[in-house]
Every structure is written in C-alpha cells, then in structure tokens.
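One chain, chain A, appears in both complexes that follow, with chain B as partner in the first and chain C in the second.
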Partner chain A sequence: MSRLQGIDFVHRKSFIELNARARAKALLDEGSDRELLGPFERIASPWLAMQGITPQSDDGCVVIKGAIDGAPVVVLALEGAFQGGSLGEVSGAKMAAALDLAAMDCEVGKPTSAILLMETGGVRLQEANLGLAAVAEIFSSVLRLRRHSPVITVIAGTVGCFGGMSLAAAASSYLIMTPEARLGLNGAEVIEQESGVEEFDASDRALIWAIHGGTQRYAIGLADVLVDDDLAQVSRGVRECIRKGPRAEHRSEQVALYRERIAKLDTSQQTDPESLRATWRKSSEQ
Partner chain B sequence: MERLAFEFHAKRTIAQRAHVGVVGSNDLEVLLEPLDGDHAQVTVLTSVDGFRDQWSAVLQRFFSTYDGAARIQIHDAGATPGTVLLRLRQAVEVGEP
Partner chain C sequence: MSNDLSNRGRAWFAGLTGVAKPMPGDPQSVLTADAKLGEERARFLCVVPNSNARFPCARGGEVGLEEAYTLAARVREAVAADKDGSKRPIVAIVDVKSQAYGRREETAAIFLAAAAAANAYADARVDGHPVISLVVGHAISGGFLTHGYQANRILALDDDGVVIHAMHKEAAARITRRSVEQLEGLAHSVIPLSYDVHDFAKLGLLHTLLHADNPEQPTPQDIEKVSRELASAVQDAREGPRDLSIRWSSAQAEKTRKATRLVRERMRQAWNEV
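Moving on, here comes the complex of A and B:
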C-alpha cells in the first residue's frame, strides 16, 4: 500500500491526532463503549508524585469494553503524550487484567478480541521493577488470549512501540502499523548511547524510519497490515483481523523460519534496509 | 511538583462530571464533578513550582463566568494560562452539552 494513496489528505480523519481515549472509542461501534477503571476511579500511579512527577488519573492506560460489528472486544490504549506512554505498575496491571478478563470470557464461550493501541517507550523507568513485572504479566496474558481470539496490536505513531512492549506487539496475533509508526526493542537513542554514533545515528530520522518504520516492518514481514494515518483505514484493518480469527501459527512459534532468516544474513558486509527486504520478504510469506 | 488548593463561591448544582485533557507537555488533565454545597473546590497538582499567583488569577478569571458547585482536580504538566482556561471551559462544555 503506498503512502496516502486514494485518500483525501485534508479531509481524512487522522488517527494519530486522536488521544488514547478518542482512538479507542473511534474503533468501537457507536454507543457500545464502557470504560473500565476510568479517570474518576482515580487509580493513578502512587510512585510518580513521590518523585515529583504529576500523575495522570488513568495512569496513561485507557481500558474500554465494547463491540466491533456487534462482536465483543476490549480496547487497551496507551497515552503516548503522558510519560511517553510508559508502562508502570497501575497501567501494566490494567492491561494484564483486561487481557485476562477477555481470555476468561473466551473460555466460557464468549469470544472477545483485544485491540492494543500502543504508543509506548516501554517500561516506566520511575517504576522500573514493577514495570518489568507488568510486561511479563502482559506477555503471558497475550499468550493466553491469542489461542482463543485475535490480539490485534495497532501502532499508529508517532511515539511508536519500544522496549518490553515491543515483545507484546510481536507476540500479538496481528500487527497493524502506519508509515509514521516505529517498532523496535531498543529505540534509536538507546542504541546510539550503548553502541556509539557509528553504529546508529539517532539524529538521522530517515535512517531510523528505514529500520524501525512501519513501511519497513511490513515489507520484511514483521507487521501484517500497513495503513495510512486514516481512521477509516485503521478501522478496516482491525475489522479484517478480527474476521480472520485466531492465528494458526504465530510469529513467535515459527522458530525454524526465523533461525533460517538469521542464518541467511551475510554479516561480512553492512546490511541495508532494501537488501533486507529482498532477503526476508519471501521467507516470511506463509 | 507543587500541590495547590482553591475555593470559590457557587450558585448552582451541576449534574454531570467531565474529564478532558492529557498530562502531556504543555497540557493538563481536568476532572470536573458535582459537589454538594454552595462552593467549588479546585485542587492543582503541577509539575512547575512557584506559580500560585498565576493559578489563582486564571481560576478567578474562570470563576468570573462559571458558578457551578464543582470539585475540580487539575493535573498539570506545564500548561500556559491560556491552555488552562481553554481546558476548564472545555470541561464545562463536555459536562453541560
């Protein structure tokens, strides 16, 4: 899919420009949304204020139960504008618990899909160990749910999805990205800081997007759907993934395929994004 | 981070609560909900210290036109006075459509 092909750039409804709550509601059937542990429950992070940081009343994680085309879903949206969408004790517990509730519904015969709207740098450093524990819980909850119903991750941008949460994104049944979105375990600045500017120049935006960007992730088969920043396209992508149902074989189960991919890499010369597409594209098609 | 509290007179009760905004750079979150009695209570948690006078002035401006008995909680991440006023008015609009 090429960039903004066939859509009216001016009159389209941008998905990126919506905040977490608005994104979640925009995907659901009108009037079906019911927020769980919303801002008025005031379950914010107890740790941030101690460190002189203003907390947010929903801890940056919006949980909304609802329906898409009449089928039950739960949408979990991370607010990228609050602390970089970072995952703390509370936001992590909200995500893991919501995924588990969806899995429990599935297990009693009420199929419920989960849609994760990720805008996150990963674990919140101010809540380090609790955030790490939360990522582990979310990961195991994703594995539990995806056997029954699709777990669909949408990375729209512009924060992207990094750190521990990139693992949850990769373990999802389906991954939807826009060209503005990025997905990576380590962000550009972390790589530059740890390995030097010769390894990765974090000021080179074209380089970053050529490696972490949605277009590249889709081209090398690590994302399933590439959409433009357009609510209608994101919504269509989500619906298609729900219709496909649980995935027969998840990426994380295709160990042989990914071993073969890594074996194919020629480390005697610098791999560039274009040649990686050529090497990996074919082997990722099922 | 600084915690501030203010109180204003109110003339009427309000029916609905409202939540607007995000605790993101230059922005703030406003939680507005009904309060019993004839006054409004505002609590502010702000990441920027030393601006009590400015908060007081912005809130006085807001309450010169708003008379609801509300409990208003603000979580601020360095919003300008103009943004604060807009978010407060947006919260009223959401709560009283």
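Moving on, here comes the complex of A and C:
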C-alpha cells in the first residue's frame, strides 16, 4: 500500500494504457518518429487468414525509428491486444530485421540503440514453427546489437513477457519493469496444465506476482530498473539506460554465478520468492 | 503427453562419442564429451532424462535450470579453451520434450537459464565454432531454443519419432481452441503448424534430413553415416556466414519464408530512406 500512496494518480500519465504505437512515440523526441513497415504497407501474416483468423496489417509489431535526446534509436513495440502480442513470421521478421539494421549502423560508426516494448505471450501458435524460428533469430540479433549499443527491454504490462521472448528480455542490456508487469518462461496457466494445480495454482494472483512480478524480478537483481506505470518514469528509465551505454557483462553471460545459486537451492520444497531476495540481490550488487 | 522416457539422445550420444556418463560435477541429465568427428575433435552435448533429478519437473528429459546452466558452462568452456587455436565443432544432440514446467523453475528464473545456454551456443557460432544441431527425437519449444536452435546447421533424422515444434500437439490444440484432429487437418495446408519433419524441412531451416536404419538404437552403420554427414555439415558451416541468414536464404526458404524475405527487403529499404 505504501507504494501506491506515493503515486500521483491525478497528474501522472499511464504508460500501460497506451497502445504499442503510442508507447513507442511517447518515448521519442518530439517529431523525430518515423514508422517503418507501418500498417499502410499492409504486410500481414500470410498464415492467419488460411485459418479463418483476421490478420492485422502491421502484424502486431510496430517499428519506429527516431531519436532520444538526439541519439538514434529504434523502438520495437509488440501490441498485446493483437493475438496476445505473439510472434508470427511477419512480426518476428520485423523485429529481427530492425535489430540487424541497427547493428549494421553501429558497425559503420553510427551508434543506434534499440528499445523493445514487450507485451507478449511468446510464439504465435497459429504460426508455430515459423514463430519459434523467428524467436531464435531475434535472440541472435539482440546479441549482435548489444555488443555495440544498449538493447533496452521495457515490460510494462498487462500482458507481460513470456515464452521464447523471455529469453530475448534476459539477453537485453537492460531490463525495465513495472510492478504490474510479469516476466517468465512459462505462465502459471501453462504450468498448471502441464504439471498440475498442486505445482502452480493459476488462480492465485498473489502467488503469480510474487514470482513473475516486476517488483520481485527487480528485488532479485534480474531487472535493472523498477518504475511505476507513469510515462515520465518509464522515459527517465530508458534515458538512464541509454546513457550507461553497452553493458560490460550481461546476466546471460554470468553462468558460474547463477549455476552456483541454482546448486544452493533447496529443491525438496517450493522456493520462497521472498527468501531469494536476500541471497540473490546481495551477491549481484557486489 | 506420453510419459515414456526417450532413450534416443543417450543412444546417439554414446554411439557418436563412445561415452555414457556426464563430465565430473555435472548433473546426470547432461552428457558432454569431446570425441572424434572426421579428422578433428568435436564437443558433443546432449540432455537426457534423469529420474533422480533434484528438480521434480525436470526428470523426463526436459531442459531445466541445471541442464541449461550446465550446457552454458560446457559450451563456454570449449570456446575459452579454443580461444587462440582451432575452433572445435560443437554438436548438440537434441531430444528434448520441452523446457521444464515447474514453479521452482519460474521462481529461480528459468528464462535466464535458457537465455544463458542459447547465449553460449550463439557466442560459439559467432566466434567461429561450427555449431551443429542433430535432432534425433523431439525438439520442442523452449527446450529447443535452449539447446540446439542457435546452431549454424540443423540436421534431423528422417523418422516419425522426430518432432520439431513450438508446442506439443495437445497443448497447441488447447491453446488455439481446436481439437487435435482439427489441428492435424489444418497442418496439411498450413506448413508451419505441421508436426511432420518432412514439412519442417520445407521451411528452409533444416540443412538436411538423414536416414537411419534404427533411430532408437543406431547401428554402427548409422553412426558412421551420421558422423560423416556431421563432418560435412561442419565444413559447410565453416565456409558459410556466422549468423543465421542461411535460414531465410536457403532454396526452401525462398519458397516458404516469402514473408520473412519480403519484410527483410522492405525494412532495409525503409531504414535507409530515413
């Protein structure tokens, strides 16, 4: 409750309530935004109509090139309201292609950062294998770009970031979350289906947020910045991360540290999320 | 979902390396060995079922926390050792039914573990190691993303027991609100939905399909033939780019991944117009 008391609900501008396109534009310098392969280019999924599903002419992925404080950036925003933000062939190719082009710009001396606004359940199962392939390609492209310029993932909510795209979030240079956001490989419902309700009760919202929620991910050192659902705070967080530049060592490279942490877990019972805060946060701050 | 544990990974690993146990300190579920491949030594890695695993949701051959970090460590170890010398091939033998679906895994951030393994394989590829994926059984979802899908070349056995997919059939049907029969019917016309490895081959992601007389328990002839094919894929990878572009530039991809190619072409044009 104390956290909510600090928020100025009257004057702040919600980020979560914006759609993907508005989120992307809101982060960029006024007038700098230019959308690439926007809805008027009509490159939609070739696979959905075959299944009686109405495609969307941007395939749920908004790519906007622009600037933040004058520095070149590309924003890749997934629209959670279209097919759960899922990655299909087209939306996946848009992300991977834009990341590669940003990397190529960096490689010829024009540093360009990428901001990934993730609202996604992961692979679009209606495009199954091409979605999974796209996720593998996006992952590879994130690694290529982050060597040169920051790749910043923002998970604001309410869809969260799940499935294969959680790997791309983990590989990003910096991760920004709100307390409303969730991040995990498998959502609670999938675990309940696959492993039973005793393993994960998907109706227990408190449990879900205690594990996947932004506050917890930040508290155990897996997210870099925790912000409220407030455009000014998200924007400030993004700027801070751009200023820091490329990261020297990424969490997804700290294999020995995390392998050791996993070895120390008591697996005879479920892990108390709260107890991880003391052990994990502390050592990642060293 | 079938509860039968697959022995394919272990059988092919043992056949190709002559080794049957993990490296010291590793969990029983991850097999790693350096063995001869063609004229050089390659590092082979495989995830196998371990009914005594510490993590209860990772006992059936799923890729869990221990598996992912062990893979990451063993791949990085090879990359570090070859830093100034010849880059040994890295071969992922793949038979993974999925990622581990557990609460312990989510709490302790399996998404990061999966990323760490994929990161290690991708770094090896970019560093000049030929990374080859040999799919001998299942290659499903996050399991495959973690172990095998960052390879330069993907080879698969031409066999009904080989399934490469984003999600196992029952769950995919449920989530897309279809019956399994409906899903199977659709998969005839919508190639990326198909569970048939011949259809997967049409997507342009696969280097080659390999026949084996006995996919469950490979014969010495099977091993010899697949070993030869792996060595040839290694040469091919050494001559090709270190990124994944072959997956959308292959002859098959020209037919099936038209949308991917169109997006890449148009994005490149639009990008440079700004």
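Basically, the second predicted complex is superposed on the first by the 278 of 286 C-alpha atoms of A that agree within 3 Å, B and C clash if a C-alpha of one lies under 4 Å from a C-alpha of the other, contacts with A are read in each partner's own complex, and residues count from 1 in each chain.
Convention: a contact is a pair of C-beta atoms (placed from the backbone, for glycine too) under 8 Å apart; a residue touches a chain by one contact, two chains touch by 3 or more.
Fair warning: this is a prediction, and the values are worked out from it, not measured in the lab.
Asker: Could you tell me if A:127 is touching chain B, chain C, both of them or neither one (first, second, both, neither)?
Answerer: Only chain C; A:127 stays clear of chain B.
Asker: Where does A:81 make contact in the superposed view: on chain B (first), on chain C (second), on both, or on neither?
Answerer: first
Asker: When both complexes are superposed, which of chain B and chain C contacts more residues belonging to chain A?
Answerer: C
Asker: Looking at the overlay, does A:279 come into contact with chain B only (first), chain C only (second), both, or neither?
Answerer: Neither chain B nor chain C is touched by A:279.
Asker: Could you look at A:57 and tell me whether it touches chain B, chain C, both or neither (first, second, both, neither)?
Answerer: first
Asker: Return first, second, both or neither, reflecting whether A:14 touches chain B, chain C, both chains, or no partner chain.
Answerer: neither
Asker: After superposition on the shared chain, which partner residues are touched by A:49: those of chain B (first), chain C (second), both, or neither?
Answerer: first
Asker: Just which bits of chain A does chain B share with chain C as contact spots?
Answerer: none
Asker: Could you list, by residue number, the parts of chain B that touch chain A in their complex?
Answerer: 1, 17, 19, 22-25, 27, 29, 31, 33, 45-47, 73, 75-77
Asker: Which chain C residues qualify as touching chain A in the complex?
Answerer: 1, 54-57, 65-66, 69-70, 72-73, 76, 98-99, 101-116, 118-120, 122-123, 126, 141-142, 144-146, 149-150, 164-167, 171-172, 174-176, 186, 189-194, 200, 203, 205, 243-244, 247-248, 257-260, 262-264, 266-268, 270-271, 274
Asker: Taking the touch rule as given, give the residues of chain A at its contact with chain B in the complex, in rising order.
Answerer: Counting only chain A, the residues touching chain B are 19-20, 38-40, 49, 52-57, 60, 79, 81-83.
Asker: Quick check on the complex: what are the chain A residues that touch chain C?
Answerer: Listed in rising order, the residues of chain A that touch chain C are 34, 36-37, 41, 43, 45-47, 50-51, 63, 65, 89-90, 92-94, 97-98, 101, 123, 125-137, 139-140, 143-144, 163-164, 166-171, 183-186, 190-191, 193-195, 199-200, 211-212, 217, 220, 222, 250-256, 258-259, 261-263, 265, 267, 270-271, 273, 276.
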